[in-house]
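As structure tokens, the structure follows; a few thoughts come after it.
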Amino acid sequence: MNGPVRPITSAELEAHAFLHGLSARFLAELLPHTERREFAAGHTVAREGDPAREFFLIEVGKVALEIVAEGRPHLTVLTLGPGEVFGWSWLVPPHLWRVDARTLKPSRVVVVAGPALRDALEAHPEDGYRFLRRLVPILARRLDATRLQVFDVYRP
Amino acid sequence: MAVRPRLAVWKFASCDGCQLSLLDCEDELLAVAGEVEIANFVEASSAVAPGPYDLSLVEGSVTTPEDARRIQEVRAQSKHLVTIGACATAGGIQALRNFQDVEEFRRAVYARPEYIATLATSTAIRDHVPVDFELRGCPINKAQVLEVIAAFLHRRRPTVATGSVCAECKRRGVVCVVVAQGTPCLGPVTQAGCGAICPAYRRGCYGCFGPQDSPNTPAWSSRLGELGLAPGAILRIYRTFNAAAPAFRAAGDAAVQEGG
Amino acid sequence: MSTAPEIAGPVAPVPSHGGPLEPAPFTVRARAQETRDTVSLVLAPAPGSEVPAFRPGQFNMLSVPGRGEVAISISGDPGRAGEWVHTVRALGLATQALAGSMPGTLIAARGPYGQGWPVDRAWGKDVVIVAGGVGLAPVRPLLLELLRHRARFGRLEVIYGARTPDDLLYAPELAAWRGRTDARFQVTVDAAGRDWYGDVGLVTQRLPDARFDPASAVAFLCGPEIMMRLTAETLEGRGLPREGIWVSLERTMQCGVGLCGHCQFGPYLLCRDGPVLPYRDVARLLRIRGL
Amino acid sequence: MTDRTIAVDYLARVEGEGSLRLRLEGGKAKEVELRIFEPPRFFEALLRGRSYLEAPDITARICGICPVAYQMSACHALERALGLRVVGPLRDLRRLLYCGEWIESHALHIYLLHAPDFLGYPDAIRMAKDHRATVETGLALKQAGNAILELLGGREIHPINVRVGGFYRVPPREELETLLPTLEAALGAAERTVRFASGLPFPRVEEAYEFVALRHPEEYPMNEGELVSSEGLVLPQERFEEAFEEVQVPYSHALQARRRGGGAYLVGPLARFALNHDRLPPKTRRVVEEIGLEPVVRNPYRSIVVRAVEVMLACEEAIRLIRGYAPPERPHVDPPGELAGASGAAVTEAPRGILFHRYEIGNDGLIRAARIVPPTSQNQARIEEDLRHLVDARPDRTDRELTDACERAIRNHDPCISCATHFLRLEVERA
Amino acid sequence: MSGLRNAHVGDPPSHGGMGPAVGSRWLLARDEFPSLLDALRRAGYRIVGPTVRDGAIVYGSIRSVADLPEGWTDRQSAGAYRLERRPDRALFGYNVGPHSWKKYLFPPREHLFTLRRTDAAKFEVSVPEDPDPPMAYLGVRACEIAALNIQDRVFVGGAAVDPGYARRKARRLVVAVQCGQAGGTCFCVSMGTGPAVRDGFDLSLTELLDEGRHEFLVEIGTADGARVLDGVPLRPAEPSDVRAGEARVADAARAMGRAMDTEGIHDLLLGNLESPVWDDVGRRCLACTNCTLACPTCFCHSTEEVPDLSAERDERWRRWDSCFNLAFSELHTGSVRSTTPARYRQWLTHKLATWFDQFGSSGCVGCGRCITWCPVGIDLTAEVRAIRAAAPRPGPGAGGTA
């Protein structure tokens, strides 16, 4: 059952919390490059080192970001749920995934093609700015949390 | 009685005074012997039992290649290793060689220096092997060594203060020799434990317990200068029984710079 | 010289006990290994002795005699008389001695001490509880007390963070709580392996979708200072006023009764005025380093 | 069978570490080497450039067993260099302090190190299982000595109150008097110790020692007196080096002293007693007479008796000194005016025998040169002779027996190897 | 303003009854001073008071007038104290020395109790035999009475009462002495604690030493004080005597060596917890604890468990501790106040500001001991001045502090 499902409509796209308020023209440009996918639990959505070409918005389910290194157990560093987004390496050279993304539950996500999104952000600086205004705080919050996780706040 | 914990006492370069402190616990010696098996204490007994030992007390510093090897053996046989005294904890008075030319020392004392095997430095036990606890003092305080033995026996933390000698002076009601006599004293930068005996006998502390846990030696050295100590005298006051303890070594180095 | 003065002199009665620091004998009635380094102990008093009642958030001073006394918050059910329950994490030698004590071990205990959670401030409001690490222990009596009076307040949102899934306390009870329909318990860990299907991330990561009415809610926080501060700031960001937030603070405690001075935190003696304090009063102080 | 090598690692119940190598050839001791392994600590070198006021504190660290002896010799030598004379109550206090060290050090040796040899135990703790009262007497006696050191010196080991010119603080009379009950009890315990020691079973041995000690016109010597020997030497103590020299042997870190142009000699209790038995205080004298102790003891095993006598006289002296004490005006005397570079030497009687110090100081008050000759390095050569005789007398003994016998023979002299040395590692080689 | 109000001149002391009336004033001749000591002893008190030892005036046992520092005074400045001879033979002509009365009420080391294991599941608690005789504190100054009151509030004024302190407090008799001079580090006037002794005493003495006169003006503070005077040869004080006494105290007030600006001090310090002054003083401070242990109000202490080797007995001891010790604020993760500036800030803000929050008054009485007995002469009045000077001025629109 992994794979694309019912296509997304422009109204659904516009209603998504992360994209809400971006210009209709901008969203319209994205729509052809956007699809909805469903994954079974335990599906690896992305692998560390793979080219990062997509931006994910979670509609349903739960996704874990993991660090996988040979000879060591997998380490989950963050889990994400409905309304949350992941995958921003398409924005940052060299456009490679830095973590594995794996579903913990059956999940439904909206996927936007990274290159197209990049082109649209370039073409519409105003929407681009708004988009980044939403993305950067999320990244900042995760960076803050990661620092405290590194600090090992509950350590003896 | 259950199996008694096994105690060993080891000697490296030292004067024997710290292990003698144990024998000076006249009131407690037989009680200690009842609670622990004194398995290896050559100064006190001809009966030497082989390791492993639950608690090793190590006196003295490492000054010879042979001793550098021997301390590894001691550590390997010891569940807990506690150093006793300034030699074992900071290299002792003999660490003054660390600041000098040992060859010259050797020639000064011995007519046939080639007979003498020694290292260029006198170093603390911690510089060679992991140490579980360091008991300060030149010599150690016998109440403290009993406390450390009891604490290791019962797996609790030894009650050994790490702050300044001044606290002991004040608790004892001793009038400060610096403030009331202008006598140079290392008490403010030296660790408590002796009972502030020097100030109680109207002389300045000479730092035989080594630096306290927050020693502000720069501020204290400048005050010692105001009290009339020349840089050479400031250097000497730090470089005595704990010359190689890091805070005192640094303070001594600063005095050397000051002295030009 | 012990002769009584003839005219003036000693009028006050000589106290016949060791004063407020004098402990009472308890024995370990039951012991549960919570995690690798943490156990819960049920302490029973000597036969014929009473166990003083306590309020959620209070603490006791405990020791295995001769091995060091430490302040440990009470983690038992305030509704259950006749025993004290403590959750102890073996960190130093004193806590190691406590954590290593088996049923029948003699424990010296005294208390309860300090100001607990202002439970009555929850009535009629939504309640957010955020606990981190062993910070769940002092929160447990609060939770039990709240759940006993479930009808008296609104939504209950509990977020509990730990280092790894292996560090979670009260696992069976936690599962039961998470199954409740009248409260939401979120559990998140800092790091996990593939066998963990729960949330991973800091407790603050779980806050954005916590359900409460900021205008009418209270929050009770317990955990490392930095975690509480971040949580409080995030809650404030969601519109919960400072006045509705309480935190439980930690400093060394020795006497437990406000005499020894160890647990000072700015104007507070935490053993006496705390450990639970209004965040409003301490928010600024929590930002001062080395206070 | 008669050509053998025996190696024994450590000699126990001595203060410090050393080793002994014995080589037997044809049933005779061919080589006897008392090796002193105490790592060299270079005291004489590290004293250079230090203030003369530091010498008593620094030299104390040569030996934790007899620090007062080092402090006393250092003070006397430096006072001679500075032209100071310490008299009256300050002199009495010094003698009192020395009494404390003699009592403590001798009691330690008698009860904890030496007596187990006679009663057949490896140590005093095991001995206490059968002879608890005896060991407790010893500990109480030792404690009495330590009480003097603690009160007057500040602490038992490395006292802090000794100063060139006197003391840093002198006790008021009533403070000193608090020691009297302890010392009265100790005097009784010391007398019992003398009787106990004289009743021990002794091997029959006679050694032809040349005894060297101080001799004072009025008192049993501690801090003062002339150097005398049983061979007729009489010399002012500061001229020690004219009569004695130190030689270095390849197998030891300690220098060995010998009579110039002569041989080995013996210092310590046997020597002091042989040369000063007419200077005993009355109570001690009476007990010595009662037990019939001969004035010159040449059996090293019986040193335990002489040591006990010295404990008793030290207790008796301490009581006398305290009873006669009136505090001095000032705790110390100071050098007059400007310092002038000078040198000075002195000998005092450490519990183990004479201890020589010589210093040169500059007019800045800093030490230019120091020379220290501890008692154990003086006895070292003579101990080797004892051992040679012991081996030659009964070469048929097994290695174990020989080892035990040698260790005992060494313990007779209470060697303070820390002053000079480390564990005694006995190596017997029978070629 | 004098503390010697309501001068009572009139009835001679009654002998055998309740003694003279509370509030009344009398004169005691210097030659009769021993009779006061005798009376105190007769009343069952061990007398402790000023005596010369090791170059300072300290508190110790007083067996006779000869133990008092007759003719001695002291010169004090930051980090320095020297005894000096006075031109007269005053018994109390000195300023406060290194000791304070807290050593009697809150001893430097105190055995609190012993736990003794009686069986596997029980122990019993025993308290040491009552070691505290009734004590008369002779020569208590106004600042010291303020200090006694402050420590009383800490140890017996709250919910938890320290039994040892309470016992010793109940058995103390305060014989105050009015200051006739002030030391180089005194600032009781600015703390409102002196130099006049106004209350909190059982007896108060003013040493009158003008023109060959040597007498003591005695004021009765309590019925206990009155009872003690039974048999002491007193004569009624004249108004002129009272005025002479007041003049002495006024001299002391004028001679204060230092002043502390206490204006808004609570908010000043709490509003400047990150002042650069803390780092500056932290560089000079030795973290040696002298100030805290010399302070007559500092009460911080640690308890120690002292088990015997078999751990069957466990003695609980208490000893003076200090917020300047690194270990004092130790949590399992490390010390909270790991730097000297943080520790100095803790001490000063506690003493001068948060003490109000905790115990309802300042913790400082202006005695100056922490200044004199600081080996590097750190002066808290100067540090407060520096903090004030460095404090950002709240301008228009400025909210809090930096």
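Just so it is clear, A, B, C, D and E label the chains in written order, and each chain counts residues from 1 on its own.
Methods note: contacts are C-beta pairs under 8 Å (C-beta built on N, C-alpha and C of every residue); 3 or more make two chains touch, one makes a residue touch a chain.
As the structure is a prediction and not an experimental result, all values here were calculated from the model.
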Touching chain A and also chain E, the following chains: C
Per-chain CA centroid nearest to the all-protein CA mean: B
Furthest chain, CA centroid comparison against chain A: D
C-E or A-C, whichever has more C-beta pairs in contact: C-E
Whole-Å gap between the CA centroids of chain A and chain B: 61
Intercentroid distance (Cα basis), chain C paired with chain A, Å: 39
Whole-Å gap between the CA centroids of chain B and chain E: 38
Centroid distance [mean C-alpha coordinates] between chain D and chain B, Å: 25
Touching two or more other chains - residue numbers and ranges from chain C: 66-68, 91-92
Shared interface positions of chain E, touching two or more other chains: 305, 307, 311, 321, 332
Two or more partner chains touched - positions in chain B: 154, 156, 202
Chain E-facing residues of chain C, complex: 1-12, 14-23, 25, 27, 46, 63, 65-69, 91-92, 95, 104, 106, 108, 250-252, 254-255, 257-262, 264, 266-269, 272-273, 284-285, 288-291
Touch list for chain A against partner chain C, complex: 64, 66, 73-79, 81, 83, 104-105, 141, 144-145, 148-149, 151-156
Residue numbers on chain E that touch chain C, as the complex places them: 42-46, 112-113, 115, 117, 120-123, 125, 127, 130, 133-134, 154-155, 158-164, 166-167, 169-171, 173, 224-225, 227-228, 230, 270, 273-274, 299-303, 305, 307, 311, 314, 316, 321, 323, 328-332, 336-339, 341-342, 345-346, 349-350, 353-354, 357-358, 400
Chain E partner contacts - residues on chain B that touch it in the complex: 28, 31-32, 34-35, 146-147, 149-150, 153-154, 156, 159, 161-164, 166-167, 170-176, 178-182, 185, 187-189, 202, 212-214, 216, 218-220, 223
Contacting residues of chain D [partner chain B, same complex]: 10, 12-17, 38-46, 48, 50-51, 54, 57-58, 61-65, 67, 108, 112-113, 116, 122-126, 128, 132, 135-136, 139-140, 142-143, 146, 154-158, 160-161, 163, 167-169, 247-253, 255, 331, 407, 418, 422-423
